[in-house]
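Look at the two complexes coming up: chain A is in both, with chain B in one and chain C in the other.
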Partner chain A sequence: MPDGAGRSFTFLEQAAIADQIDTGSQPHWLRELKESGASIFKKRGLPNRSDEYWRHTLLNQLVEIEFQLSNESPRVGQKQLSQVALAGLSSYRIVLVNGCVRKDLSSIGDLPKGVLIAGFNDVMSLLPNRLEKQLGHYIDLKNMPMAALNTAFLKEGVIIFVDKDITVDKPIELISITVPNKNPTMSQPRFLIDLGENSRATLIESHIGNTEIPYFNNVVSEIIIGEGAGLDHYKFQDEGTAAVHISTTALRLHKQSLYGGFILQSGGLIGRVEASAVLDGSDSDCRFDGVYLGRDNQLLDTTTSIKHVATSCKSRQVFKGVLNGNSHGVFQGKTHVSIGAQKTDGYQLSRALLLSRDAEISTKPELEIYADDVKCSHGATSGDLDADSLFYLQSRGLSPDVARRVLVEAFLNEALAEIKLNEVYEGFRSHIRGWLNKNINQTVAE
Partner chain B sequence: MSSHIDTIKKSELVGDQYKYGFVTDIEVDLAPKGLNEDIVKLISHKKDEPDWMLEWRLKAYRHWLKMKPPEWQKVSFDPIDYQDAYYYAAPKSGNKPKSLDEVDPTLIETYNKLGIPLREQEVLAGVEGAPAVAVDAVFDSVSVATTYKAKLEEVGVIFCSISEAIHTYPELVKLYLGSVVPFGDNYFSALNSAVFTDGSFVYIPKGIRCPMELSTYFRINQENTGQFERTLIIADEDTHVSYLEGCTAPMRDEHQLHAAVVELIALENAEIKYSTVQNWYPGDSKGKGGIYNFVTKRGACRGDNSKISWTQVETGSAITWKYPSCILQGDNSVGEFYSIAITNNYQQADTGTKMIHIGENTKSRIISKGISAGHADQTYRGLVRMQKRAEKARNYTQCDSLLIGDTCGAHTVPYIESKNPTAQVEHEATTSRINEDQLFYCRQRGLTDEEAVSLIVNGFCREVLQTLPMEFAVEAQKLVGISLEGSVG
Partner chain C sequence: MALLEIRNLHVKVENKPILNGVNLKIEPGEIHAIMGPNGSGKSTLSYVLSGRDGYQITDGEIIYNGIDLLELEPDQRAREGVFLAFQYPVEIPGVVGLTFLKTALNATRIHRGQNELDAMDFLKFVREKAQSLEIDDEMLKRFVNEGFSGGEKKRMEILQMAILQPKLAILDETDSGLDIDALQVVSKGINALRDANRGMLLITHYQRLLNYVRPDKVHVLANGRIARSGDEALAQELEEKGYAEFNVFVE
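After this line comes the complex of A and B, so read on.
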């Protein structure tokens, strides 16, 4: 019996109970989708060591702690919200608390024509046919047990539709806050983002939890980028210190489309952000960049996969990690080039800095290539800060800690430089600085 | 050496893609087909082994029964029927030959065809100053001849078949056999431990630099046989040894299994250089037949300042599946892995290395060059692990893949794990195809397509070819060209 297989049934029981509480008016296709998720999860159970892409990320927390599906959405004030929002950013904002959409906290009133940002249930009553055609069609549940679990619970989430030729004038902010009560709670939110032909949008997705109580946030996103369309997607994972955050994103890029994704991960006890893109239209361009900052006993996992199906597509990934304390960083990145995907240009770089004696990094950059006229490469490094550079800065009068911070910031800049939106760049940078000030003080200065 | 060049010339004339595809008609002593405890006992009995050896084999066999064949590798083949093969095939020669003159002349003829200078005179009569190479020739399951024994004994180097070592040097064998690759390590090492029939044994005593290259040639001749050889090399303190391994097999329609285990042990200040040119029959251009080469090779740098260097040129076999590895236990120990893997037609290869850094200041270097053509599929799979104690350890890895044609595949799956902040790991990998400009340039100078590809590929592999001992380098370069025949145009 795989680890946690018994526990996985408890999860499914809860999904079934949640379903019964529902008035039972859900359409046939939705029921079928949920059942398929439940049956896949039942067969696989929680991922364990024998699942190649979960070798380092063991979800023991989920087995040990009895998480309850959260049924209440506690009070959260605008003040709390402003603490997590990016300074000076004007945006369309949709807020989830404990996985449920909160209209009172959201500000999506004055949306331009052709743009829809709404909660899952509203869209279910408004555009059920469109949801039926898209929801669950882009994600490979069979190979993603946690996405299957999310599907079994499918009930809450956010839907964003942008019509053909529309450029959304302001960034869209999707903020998910978890405020658990005394018992460990879980939420299973679902996002669907569909950009029509030649449309443009910027999405800032934040997951925040300012608490030490354990909770479990299992997010699934499906993103479709139409021909000639472009999406900039910034993801910020800053969950509570005892939280388990698992997010699975499936992307589909059509002809000449652009996706620029940036992931900043620093929260949670276990954080795993998985993104997989299928480039099935020629000349599309997909970027995944990111920074992860680990401390204490954190485990931070970034798993990416880019599948080149069409010709002349470009993909680029740059990930930088800084690991302190007993933290463990995991980076698994795959570039897949299918038969016929000629003229592919695939690049990947993963670098990690180990700042303490007990930090650990596991990297697996992978290339799987079935076409010959391609240019693919990857690089991976791991090590400490360069002693000569440290000495140089100290000889100029910087204290060892300040010198270390300067070098770490410089190290992270290669990835951060990919952020196009200034408010996000500043926001992420100040978060990183705060982290460095807190975590680099006489760490390895022996 | 002269015979090397001759065979290469011959093969060029015939234009044969696999020049070693002949069968030698020779009387053999075959054990019944199938695998069970009785066969294990029979093998042990045939070799007149002591009880402890039989016990070890049986333990391995019983363990093997409990194991399942691994499935994680990126190669596909029909399940192997382990009961449909012979586990013991030996050339019938009555009594053991006492000298080379008593060895069956047909056998000598076979090795001559292979271009292996079994007869010492041949080498001596060759080019002046040609280096002497001591050879242990393994035919199907048994070692048939070991040359230069006397000269090696003078300096105290032991170079003999492993069967002989079990009898003559039981203490050494008992101490080291299975100490690097325990029988339970994996499915094929367990199988090998149960039924291995022969292989080479090398012991370099303290302070000796082995005066000549040691070499083993393996040949699978008999139909339906598997070859399970076992090689054990021990380099005691302050020693140096260079060991060459070559392998061939006749062309046959069915697949044959080759599951060898090679263990290297380097004690303080010892250095072992292990070179392989693997040219088992790769199957025909439709993917029919060929050898399954499932090999476990591992070296342990036990002592401080020791070094193990693996060089491999993998051009043969229908399926190659091996990861020559180094366990860097001693402080300042060094591990190296240089590899060229060429797959054409329907060949599959899943190969790479593991570098386990345990000691302080350990260093490793991995250079892997993969060339994939036709419908072939190739994977580099490697692990670099920096253990907590591996203070200031260093690793540099470079894997380059070259694709020829749009129906082949090349994959890179490196695992990099570090638990020490002072350890530095660098990994680089690229995949591309042959540069059109380079091809054009060569053709413009009058080279044919195939000559141009061969030249460019040789250049691509140069870094690895340079590390081969001279005896192998010439042959390897030719092999690179021959293996890719028919892949362009």
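After this line comes the complex of A and C, so read on.
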């Protein structure tokens, strides 16, 4: 264990516990939920090498820096916002700055009937009973220390409810921005998304950092997709260069529901996006796809778990990573098929491209199958760009850099093709192109 | 000035000598054919000319248009007008054919001080060339060479040549694997590019191609050297007698 790990444990633990003292006005259930988070985190501390799914992702930053919850609301204008939002997209938008919901920057005034998009505190006063029934019920805090930490601090976040049979007419954009603050900022936002039966929605979640100063964004999302409902969920992790981004998403899919998740991860010094789904009702369809782009000393971790409980469900995961510099990519993907989950169709593919000799990938694909009538496969590859293809492109006049960029884009296309919404596809692609232009520009390739 | 002059070229691959003193001079406007037994080093020569990695040049020089070709990177050579039609064109999944052609053309145009073609002009330009090679839009929209038949790949190579308008074209067995009709289409494509300033090096095993594209000179590459040079009649002679005469010298 690194030096000072004890101290870090103490500071985050202390902060989590101190936060409980100020709970006077909170309902009993919320206090209990927070206390359970705090006590689990206190018991386990920060994840370390002995935690199976955290072996590669050590959070030394959280040992060394005393992050504080942000209470102030720094100045962020519409102009700054428009720089991070997706171009040409008309959406319902809710914005968080340093972890706090900012109504002045949000546009959720004219929501259609049957749709609620609001800050956690507003929903606490409006629909406390519904929150009580759902919050924390879909996530396994005991095995998710960072989600436990988030729960200990639970007081800010975004709640999205879509009623039965409603199709939300525009995408919902959830934008979290972090800007420099006096003290190193920590945010512990909590999201709860509940789609009623046969409803449909698209969610675009972006985490953007406008600073090179270290900060810590620890996000937890609980997503429930009702029978016959469908959610397309795009997640963009582009935190500041010194940030630690941890996000934990727990999904519950009911009968005949659809979830299409796509993660583009390129920000932060440490970025970890973890998603776990439980396929609870038959004939549901769950997809996790994504692209991660690592450079310099970044560590980018994608950890997924799909648990097939009901019969005849489909799951599919396609992740493509590009690692440059000294970056380290981690992909841990698990498909679990329970004993009753016959006719499961599970597919998983992880491919990483190492653009430099010092880049590294750790992959852990897992299939755990307890049913006998299933179709499951997984594959993982990693390697360099194909020398014959590079030469072929160069022999047609493309410079080595352009040839490399063309091939990297081609490599990513298989995952990007999963994006259904055109504005997101274009936005992500232009972000990727920008990244490639910045990161593949040494004429002499190593 | 010769378009291409290869002097005393010695090349090793993995420390094994493949070319042992090749001399060859191509003037602008000339078409040269190189024939020779399998493994005699014809593709090696074409790769060395286009700058592929993995070849040790132990002696000799290659002067192209008055410049030392060996000093240039593969992409620089291409932009300077050297084109290789590959014996085995590479499949590149994920890269759309049209996008690839456009990127390649514009790289060369910028180098020549011309403006980049916009999407409309480019499409018009490509379609026209593609049509004469019997390549349809569907093929252009597919990923580069992916799943193409042998003959389709060869036609694509000629299309690329027609688009890039090189000064020196090296065609490595472009006729192999073509059916009779495709051979005519491809030959027409090659002849269309025959021009007083352009030189071509046709690597082939069959006289068949040379009936359509009539060479100015024919060479036999054997034992890592140009063992014999002549005119069209040499190709005819080889067709009848084979390479026995040359194999005598194999150690």
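What we mean here is this: the second predicted complex is superposed on the first by the 420 of 446 C-alpha atoms of A that agree within 3 Å, B and C clash if a C-alpha of one lies under 4 Å from a C-alpha of the other, contacts with A are read in each partner's own complex, and residues count from 1 in each chain.
Keep in mind that, in the parts below, contacts are C-beta pairs under 8 Å (C-beta built on N, C-alpha and C of every residue); 3 or more make two chains touch, one makes a residue touch a chain.
Treat the numbers as computed from the prediction; the structure is a model and nothing was measured.
Participant: Put chain B and chain C onto chain A via the superposition and say whether they clash or fit.
Facilitator: They fit: once the shared chain is superposed, the two partners occupy separate space.
Participant: Regarding the shared-chain residue A:376, is it in contact with chain B (first), chain C (second), both, or neither?
Facilitator: Touch partner of A:376: chain B, not chain C.
Participant: Looking at A:393 after the superposition, I want to know if it touches chain B, chain C, both of them or none. Which is it: first, second, both, neither?
Facilitator: In the superposition, A:393 touches chain C alone.
Participant: Scan A:234 for contacts with chain B and chain C and give back first, second, both or neither.
Facilitator: Touch partners of A:234: none, neither chain B nor chain C.
Participant: Of the partners chain B and chain C, which touch A:414 in the superposed model: first, second, both, neither?
Facilitator: Only chain C is touched by A:414; chain B is not.
Participant: With chain A as the corner point, what is the angle to chain B and chain C based on their C-alpha centres after superposing, as a multiple of 10 degrees?
Facilitator: After fitting both complexes on chain A, the angle is 70 degrees.
Participant: Of chain B and chain C, which one touches more of chain A's residues?
Facilitator: B
Participant: Touch check for A:54: first (chain B), second (chain C), both, or neither?
Facilitator: In the superposed model, A:54 contacts neither chain B nor chain C.
Participant: Identify the partner contact of A:406: answer first if only chain B is touched, second if only chain C is, both if each is, neither if none is.
Facilitator: So A:406 only meets chain C here.
Participant: Once the two structures sit on chain A together, report how near the CA atoms of chain B get to those of chain C, whole Å.
Facilitator: 14
Participant: I'd like to check the shared interface: which positions of chain A are touched by both chain B and chain C across the two complexes?
Facilitator: In chain A, nothing is touched by chain B and also by chain C.
Participant: Any idea which chain A residues touch chain B in the complex?
Facilitator: Result: residues 52, 339-340, 342, 352, 354-357, 359-384, 444 of chain A touch chain B.
Participant: What part of chain B is in contact with chain A in the complex they form?
Facilitator: Interface residues on the chain B side: 72, 386, 401, 403-433.
Participant: Under the touch definition given earlier, write down the residues of chain A that touch chain C in their complex.
Facilitator: Answer in residue numbers: 387-389, 391-400, 402-403, 406-407, 409-411, 413-414.
Participant: Give every residue of chain C touching chain A within the complex, in rising order.
Facilitator: 50-53, 73-75, 77-79, 83-84, 86, 89-90, 92-95, 100, 103-104, 107-108, 111, 143, 160, 164
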